[in-house]
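In the two assemblies presented below, chain A is common to both, partnered first by chain B and then by chain C.
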Partner chain A sequence: MASSTLRTAGLGMQFQGLTALADIDLAVPAGQIHGVIGPNGAGKTTLFNCVTGFYRPTTGELWLDDQRIDGLAPHQVSGLGVSRTFQNIRLFSTMTSIENVLVGYHLQAGGRTTAGRVRRPTGNRLRDGLGELATAPRSVAASLAEIAGSVFRTPSVRRAEAEAVARARELLATLGLAGRENVVARNLPYGDQRRLEIARALATSPGVLLLDEPTAGMNPQESLSMVGLIRRVRDELGTTIVLIEHQMRVVMGVCEYITVLDYGRKIAEGTAAEVQRDTRVIEAYLGTRAVSGGGHGAA
Partner chain B sequence: MTPLFLASTEVWLDQLVNGLTTGSIYALIALGYTMVYGVLQLINFAHGEVFMLGSFAGYGTLVALGGNDLSGGMVAVALILAFLAAGGASLGTAVAVERVAYRPLRNAPRLAPLISAIGVSVLLSHLVDDGFLNGGAKFYPQIFPDGDIELGPLQVTYLQLFLMGSSLAMMGVLYWIVQQTKTGRAIRAVAESRDNAALMGVNVNRTIVVTFALGAVLAGFAGVLYGLFFSSIRGSMGFLPGVKAFTAAVLGGIGSIPGAVVGGYFLGLTETVGRELLNEIPGVNLPNQWKDVIAFALLVLVLIFRPTGIFGQKESKRA
Partner chain C sequence: MPSPAARWKDARAASWDRLPSAARPLAWLILSLVVLFIPFFDDVWMRMFFLVALYVTLGIGLNVVVGLAGLLDLGFVAFFALGAYLVAIFDSPVSPAVNGTVNYWVLLPAAVGVGALFGVLLGLPVLPLRGDYLAIVTLGFGEIVRILLLNMDNITRGSSGLYELEKPAVAGYRVDAVSEFYVMIVIAAFVAWFATARLRDSRVGRAWEAIREDEDVAAAMGINTVKYKLMAFATGASIGALGGAINAPFIDFVAPQSFTLQVSINVLALVIIGGMGSTQGVIAGALILVGVPEVLQFEETANLLEKLGWLRDGMNTAIDGLNGLSPMNLAKLPPADEWGEKLALYRFIVFGALLVAIMIVRPTGLFPSRRREMEFAQTSDAELPAGGTV
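What follows is the complex of A and B.
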């Protein structure tokens, strides 16, 4: 599977005067497990939302390998190989485990052709609007082709579908969900839902996987097995992993490099040992704790 | 010994067949409402006009191929072509309406696309009625083979059989597409969470177009069935079946595919069998037009007492 580098340059995100992110420079080499930590409201999830195309950054650039991805639509970013999970699990709750994963494989059968020649919007509404309109006949044709392909299944469609199902089973088994294929997602135990979300994210064959608090709500034992799982995903698939985490034991245990955010700015970066010694980091955490009167598991 | 009911067994069975016949048409149209609502939370009030234009396309095809002069094997060929033309016309209309009237309002408050939908609905029905027909009607060629099947007191015409059977087959195909194919998975994924589906690489816009297209094909199909059964068609013909099908979709639980089917048949049967039941009350003799009163009284009751419908879920999952 793929492994990509992720880079941001001067990335900033403003919401009507509120600066959620400012001037973030980040360079995640291929195959690294990279931690993003910081007090609540530091901008960690905003960073993920920018990278996945969910937010359009107000300043700066985002690069995936040598492709600029800021300003692209989420499905395009996903098509180029960025995938994520959520702090509060967001599965397709009424679909079965295997169907959740198969949605992730949606791209594979023909959908990924857009990769490499995705058009970025120019920001000029008229020009973008006309450009979008010009694609209308093609998109309608693609829609019809999709329906036709689904209804009149050619041998190649059948083969692709069977292959996707086989790979989905394999992926579920890798994540310890063998035998749960046909369980409706919302009926799975919490830990299984977390793992299923990762399986679904991996189904898009991402070069970069973003994990938003993968151990949230887990007990130490479950967290430990999640750490093992994250490391195994990287080792076996080579996927670059960026994770937001509050449990310091997890961060220090699994991350090879750490970026610390506070109030939307990068205040430190380095290895676990380096970051732990950094006075600004200690200040940010202790300061937040003193002001808000409550910590978040930072040790 | 006095009989239990005033009406005879034949009347009851007649009403049952009538109910299933109109119920089939309601169900086919209701599926379009419910699927679009599922992915966009939009009541596509122009759907009745999508149905109407499909009906006219089928009519045009039949007339062009010889109208009432068609006979023998040519009837079957003409009908197949009429269904294809209707599906195509409805699909084209629905996709165009989505792009012109709904997509630009995708992020507007929910009331805006709803009003836009009503505008498109009025525009299309009046365009046909006033622009082309001058208030008149067209009449479907009566080419479907006459005759009926009798099973004891039960009497069903060939047309009714065909209507019910083909409707069920179409619904079966739709259900299979939604449950078993890649396209269907994408539709269900978008219905659960548009953002989430996009993050998994699903092209949300395309999936929305596909949803409109599938609903439209069923509506076009229903348009031809309607024409064959009720004969007269006009620009405003989509309004009543459209609103009834919407009622059926609400009844079943809007957003639910099985709900739309059950709601459609339930409404069809309530209108016919329900009216007959009311007529059993001494002194009551409601003419046929009362079926509309019954249908809409039902809509009001459902909205008051069970707004989520029979199969509906609470919206709480949409955080």
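What follows is the complex of A and C.
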């Protein structure tokens, strides 16, 4: 499966007067497990929201492989191969496990339409509007074809659907959710919900997977199995993984490279061992009264 | 009784593995027998059944927008009006804009297409809006369309309306009788049901459901939310226009005063009373919301009530007793042969009480889709403790 590099250059995000992110330079090579840590309010989730198109960064650039992706809509970013999970689990709670994953397969099941390059908005509204207008007939035709295909269940639609269901089952089994296909998401145990969210994200066959606190609310044992899962995803699928994490045990155990944010700025980066020794990091987490041997405590 | 979650799970398992349901063919048989025998009622009853089937069609259309995609649309009447006017403008001899008539069977699909187009046109400006805001804007759209129709004298003849429409013809035979229009609308309802049921179970329906549950996450999963919302609006609107195009030659008088907010509210109410997202619900809702007020003023109902003289005597005796025991002075009931007349007069009070009762007893509607039922269910049986284990 795909593996992409993710790069940000001078990325900044301002909400009116508030600077949530400033001048973030990040380079995640393909296939790396990259940790983003920092105290509460450091801007970690804001960074994810910028990368996935939920926010439009106010300054700087975002690159996925050799394509610039800042300014694209979330579904376009997803189509290019960036997927994510959420800090507070956001499953489609009344849909079953397999339906959740099938939503992730949405683009594949319909013949990926946004593959390749996506035109970025230029900022000139008139030009963007005209550009969209030019593609309108094609997307109207595509929508009509899709509705007709669904209503008459053409052989190709049926085949695509059967294939998506088979692949969704397989993916659920890979993540240890076999036998839970038809359980409604909200009735799943907490740990399974986290895994289902990862399954749904993987269904979009991402080159970069962003995990927002995948072990939040888990006990040490569950965290450990989550770490194993994350590593397996990278090893088996080659997916580049960026994860936000608070549990230092997890960060130190799984991340090959770590970026530390505080007050919206990058204050340190390096391997786990390097970051652990960095005085600025210790200061940010524990205050100026530095504590020796910090590392196992969460913020 | 198994929990809703368990029943839901079973149902989904069945649908995924394509297990045949034994009860289904029987249910279909009964339903089709009822539908087929209805044309033997007299015209008063037929008119009621036509109205019910018309509202079933409209309800199925609105269900796509409200029940599946979760977009609250209070301007649905606009599309109903659009379909009706498209047919009337081209098929009415009094139409000021068009001379001669166009074949009805050309206009019918055209109405569906134009309905879809206007669904998209309404959808485009309201897309960024959610919930209450969307409801208000669509409500405004419905009113704008009605007022436009009222004022475009040179095309619609304003409140004088368009009439004497060319009746649809099949191989030289003109569709005229109430029962024949009933057959037409039942076919339309069936087509609408079939198309929306197929859409619901497809990739499109899943995208709609995802958008309804969490629009942001749906987008993060690669769903072009703009496109799918427009598709929902267009699908609903084209079904609304289809209903309007069949209703026009039937009522044979197309004027703005038939397309008030009340129609939108009625359609929405029957979707909610029946249970959002389910077709049985729409049918039940239409029978109650459209059928009951009609039936309450039928002669048959009055005749039935006349036979209740014994009940009146009994109750009057009871009232006498009460009056004797207390300082109260309750009035006695009128003779039973006046009951029908009174009921027809006060039918909306009876009807309102019925609606309130239904919503108290079944807040999710009569036949909610299993998914909707879950959304309303308490989370007590869901294992969702923050930080829970297993």
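What we mean here is this: the second predicted complex is superposed on the first by the 285 of 299 C-alpha atoms of A that agree within 3 Å, B and C clash if a C-alpha of one lies under 4 Å from a C-alpha of the other, contacts with A are read in each partner's own complex, and residues count from 1 in each chain.
Following the convention adopted for this analysis, a residue touches a chain if its C-beta (ideal position, glycine included) is under 8 Å from a C-beta of that chain, and two chains touch if they have at least 3 such contacts.
For clarity, every value in this text was computed on a predicted model and none was experimentally measured.
Student: For the combined arrangement obtained by superposing on chain A, do chain B and chain C clash, or do they fit?
Tutor: With chain A aligned, chain B runs into chain C, so clash.
Student: Per the contact definition in the header, classify A:74: touching chain B only (first), chain C only (second), both, or neither.
Tutor: After superposing on A, A:74 lies in contact with both chain B and chain C.
Student: In the superposed arrangement, which partner chain does A:102 touch: chain B (first), chain C (second), both, or neither?
Tutor: It touches chain B and chain C both.
Student: Once the shared chain is lined up, is A:147 touching chain B (first), chain C (second), both, or neither of them?
Tutor: After superposition on chain A, A:147 lies in contact with both partners, chain B and chain C.
Student: For A:166, decide between first (touching chain B), second (touching chain C), both and neither.
Tutor: neither
Student: Residues of chain A touched: more by chain B or chain C?
Tutor: C
Student: So, does A:93 touch the first partner chain B, the second partner chain C, both, or neither?
Tutor: In the superposed model, A:93 contacts both chain B and chain C.
Student: Who does A:217 touch here: chain B (first), chain C (second), both, or neither?
Tutor: A:217: touches chain C, not chain B.
Student: Could you look at A:181 and tell me whether it touches chain B, chain C, both or neither (first, second, both, neither)?
Tutor: A:181: touches chain C, not chain B.
Student: Can you give me the overlap between the chain B contact set and the chain C contact set on chain A?
Tutor: Chain A residues touching both partners: 52, 54, 73-75, 78-79, 83-84, 90, 92-95, 99, 102-104, 106-107, 109, 139, 143, 146-147, 150-151, 161, 200, 203-204.
Student: Once bound in the complex, which stretches of chain B touch chain A?
Tutor: Within the complex, chain B touches chain A at residues 95, 99, 173, 177, 181-186, 188-189, 192-193, 195-206, 209-210, 213-214, 317, 319.
Student: Sort out for me which residues of chain A touch chain B in the complex.
Tutor: Contacts found on chain A: 52, 54, 73-75, 78-79, 83-84, 88, 90, 92-95, 99, 102-104, 106-107, 109, 111, 136, 139-140, 142-144, 146-147, 149-151, 161, 200-201, 203-204.
Student: Which residues of chain C touch chain A once you look at their complex with the stated criterion?
Tutor: Against chain A, the touching part of chain C is residues 5, 8-9, 12-13, 16, 194-195, 198-199, 202-207, 209-210, 213-214, 216-225, 227, 230-231, 234-235, 371, 374-375, 379, 381-390.
Student: Using the touch definition from the top, list the residues of chain A that touch chain C in their complex.
Tutor: 52, 54, 73-75, 78-79, 83-84, 86, 90, 92-96, 98-99, 102-104, 106-107, 109-110, 114, 139, 143, 146-147, 150-153, 157, 160-161, 164-165, 181-184, 186-192, 200, 203-204, 217-219, 222
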